[in-house]
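Each structure below appears as structure tokens.
Look at the two complexes coming up: subunit A is in both, with subunit B in one and subunit C in the other.
For the complex of A and B:
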């Protein structure tokens, strides 16, 4: 009986998450300068599928298909990707407090992307520089944590990540100062550093989605073995895992996913830290369940916070500010809550 | 028939040789217990036998095959390791921890099947902790964790079980319990190589005892020939009187 419980995913949790996502998806259309009611959305979608006419004003059709949909899809992609990367990092570094932000990956990728924007690179080139610097950041952090063995490894990893992140952050600031204030450059760098779904068009999505999928493939395939990385290295090795190689594959995969997102949406913080925590709280730490749960919750979280970013005040807030406002208190709540039960 | 054979084996880290000229066997179905002071090389020996540390020179054979060039998988299918218990980071259930022992028996990209879960459940049953299956591993007691780790090692279906101080940091009752389980596993034909700091534990469960003095094996054989007050005194650097005063007379061989 016990083995059966461990194997079957808790269906109600998934169902709930799925329903929640659909609700948030609807809300993303319903809120904004041009609200689209769920019934209009459904009518327009059915009309598109069957080839008929929905009989809706042209403006609403444009809002649905050219403005809202790319944005909602972008939110889902950003959220799912960052949450999956965060879950993978937490597992492979045996540390529930790490995330793409804390490991310096976001800052490194941000520095790479800033470099790309500064020199006027194409989007693909920006994605490549973001990936390279993201990988460099996590490589340096992991290297430091391997060298400094006199302190608690969890602490060293977090501190090294914060340090490297700050260094790359300083590099970004440097390029901000150097960039031309009269061109688009400065404002695009600034806005983009705060994280936003605003500038993402369907071409960006088409170039980012395959890279995110490529990064997710090893996570899905290795979903059982990822669990063993949360054991001490020698123990995992004795259970048949080539620890160094598995960790390398996952670092590259999670960093590719993070850097891709940073290159289209900027630095959207907190998602990679908070969402895997919430997911673990709901479905447990087993990565074969944690990964799908993180993907779903992450998608819902970012689409939801983006709705807030668009509607909370008259101007549109950068997404990163809203994820921080929602994520930080939630994270503190989780810390307090899990502390009590364990 | 031997599960493990070592010949002219020298072990250590890089240039630093910890032990050399090792030549001992672990026989099928026996409990071989390693006794020795800290720094005597028990951990280095275990790491070498588990393939975590390459031998400096000489031969190790497991089930008659040389371990040279073995993959991690090949080791895990034959030699299982029961480490000293630690709390763990993430709240896995005990069942999930035990299922991790099946990793070497399933495909690289697979997740444990119904068959694997049945085996894991059987291992929990064997150690009398089936009721803990759905408990959170990080929340159970140290003694229970130790049992879960034995169950995980058994789930690997190995030829030999290597236990690193299985009774360390346990209270008196749990020490007795673990020793009882080791005894029962032996009776079911499982080969065990274990280390301990307590000679009376070795005397309780071992078929043979090996004395690991720094650098070499000072003696290996039946407990009554090996765990004598004079040999223990020499091994640990204390007097024979101190040994006999500390260990109850009936625990010692005569």
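For the complex of A and C:
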């Protein structure tokens, strides 16, 4: 199927969204706690592109290129990855309320990070533990769904995910209560669980980006077949899809992506839930259009909310709080709006 | 008929309720920094004291180690190893703090303490929790208001209450000496002349104490200017961004995390910050208790000595000796820790 015979989306909305995202990226470079004037930003950017020197104080260069640039890239990566995983899951589980952490990946990663913080691991080791526990949580959930065969497999997956997630959540609470309330650990655990792009540096990005890309590849390659998963299993199978295998591939891909993101940015909620809805509102439910739209909108959404997180008040707000404050009303708006048109 | 029986039963039950362990409201006495709930035994009868939280346990371990029943939190082996007997052999008991308690009420009763000792930043939540514990268990509960500036009074009053008045006075005098030498230096310096300090906490060193936060008390008292004061007077801990720290341009960076201190000296993103350029990044020891902020108790006096040396170059040569003296006097540590 080519773009010609697909139903054309409303072009202005598409354009508006794109323009909005570009504006958000520019804003992300222009706003922050260290004052950088637009003219200095431009001078520095031109100097970078032409290879010359802008003659600006080193602090400004560091703020623009070593702090804001990795942060914008991290925002794009986090947003795109979570939104893509969310879109894939919403299709696969045939449920609009599903987000990428439905199978317990965030709860597992959160538990891993809590363990790491509690036992005083280094930052990198904490990220690795979070990543491993995120994968392990979903592995357990998938294992359970393999053992329980008397119910609808999708239902078993979701229920096992909620259950395993609750167990890991209890584990997090256990270590929170074991750590001294005055110590550094408790605040670190709390801040970690709320998500943030604050501490991400280019090294984190260099290790996370390939993993995210590896996870996105199967989603892109299988974009047509993912549509068929929204049919009942028997019908999809009748159309020649190996439903169980396709589901496994998608779960592995989405889990890899989400676990990677959670391990570098903490738990950033709402992105994987809201953004696919916004994308569906713009381009319709066809996954081959929904996926790129989710990637773009997700990137824009997280970079935008992160601008708010670092400028709204005198301190840094955890990103997870801002995504919820922006995402929840937006979700309700979409709910009201789509209800009327359909 | 049935309804009437039910009503009668309800009335009877409510009359019986007071027998079900609900005691009369605990008696409250206040004097100085001390608020006491329940009937206080005479000082000479207080032999077994349970410290309800980390700040109280530090105070108690300094004043009356032989009356202390255990630690309210998990002490590291390193910290226990640094302490002398009997402190190093005490068990971990858990803490009391409302719903966040790790000490079960029944275990508390089984412990048979003569007194529950608690210290910290006192507010109504704190006081009403204490009152409830006393009402439920009948064990007297004492809450001590504990700001660093009040250390001397705190040691003096608590010492008298625990029948170790002489020791309390010795420690109080020592605390007063540290605090007044800090006050002399601080008061000779107008606010804008004080060294601009950033206190980096947390995993990435991007958590800091805001103005008025107990985490900053030692730095304030030692005459440092908290750069986060420019972030407004939000109380407590907050996350900040690195560009904010660059903008604040601190002259000194203080931390308790040596890996953070080493990392920022090499990280190009921190390079332009004056403190990093001049290598004035200092890592405070945390043995046996944190020197700067946690737990917020008299342990921070060691931090004040250390900060005076690093912020103002005051007594730099004698700093180690003074700290060793402090450790010897307060915790009975014979060897040098640092």
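What we mean here is this: the second predicted complex is superposed on the first by the 256 of 342 C-alpha atoms of A that agree within 3 Å, B and C clash if a C-alpha of one lies under 4 Å from a C-alpha of the other, contacts with A are read in each partner's own complex, and residues count from 1 in each chain.
Heads up, the rule we're going with is that contacts are C-beta pairs under 8 Å (C-beta built on N, C-alpha and C of every residue); 3 or more make two chains touch, one makes a residue touch a chain.
All figures in this text were calculated on a predicted structure; none of them were measured in a lab.
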Touching partner for A:288 - first (subunit B), second (subunit C), both, neither: first
Subunit B versus subunit C as contact partner of A:42, first or second or both or neither: neither
Subunit B versus subunit C as contact partner of A:230, first or second or both or neither: first
Touched partner set for A:221, first subunit B, second subunit C, both or neither: first
Touching partner for A:196 - first (subunit B), second (subunit C), both, neither: second
Which of subunit B and subunit C A:58 touches, first, second, both or neither: second
Touched partner set for A:18, first subunit B, second subunit C, both or neither: neither
Partner chain in contact with A:91 - subunit B first, subunit C second, else both or neither: first
Intersection of the subunit A residues that touch subunit B with those that touch subunit C: none
Residues on subunit C engaged by subunit A in the complex (per definition of touch): 53-55, 73-74, 95, 97, 100, 102, 201-204, 206-207, 210, 231-232, 234, 237-244, 246-247, 256-257, 259, 267-269, 271-272, 293-296
In the complex with subunit B, residue positions of subunit A that touch it: 2-7, 91, 94-96, 221-225, 227-228, 230-232, 234-235, 237-242, 280, 284-286, 288, 342
Interface residues, subunit B side, partner subunit A - complex: 47, 50-52, 71-73, 75-77, 79-81, 83, 86, 88-93, 95-96, 99-101, 103-104, 106, 108-112, 114, 117-118, 120-121, 124, 130, 133-134, 136, 138-139, 152, 156
Subunit C partner contacts - residues on subunit A that touch it in the complex: 32-35, 57-59, 62-63, 66-68, 117, 122-123, 126, 177-178, 180-184, 187-188, 191-192, 196, 198-199, 201, 310, 314-316, 318
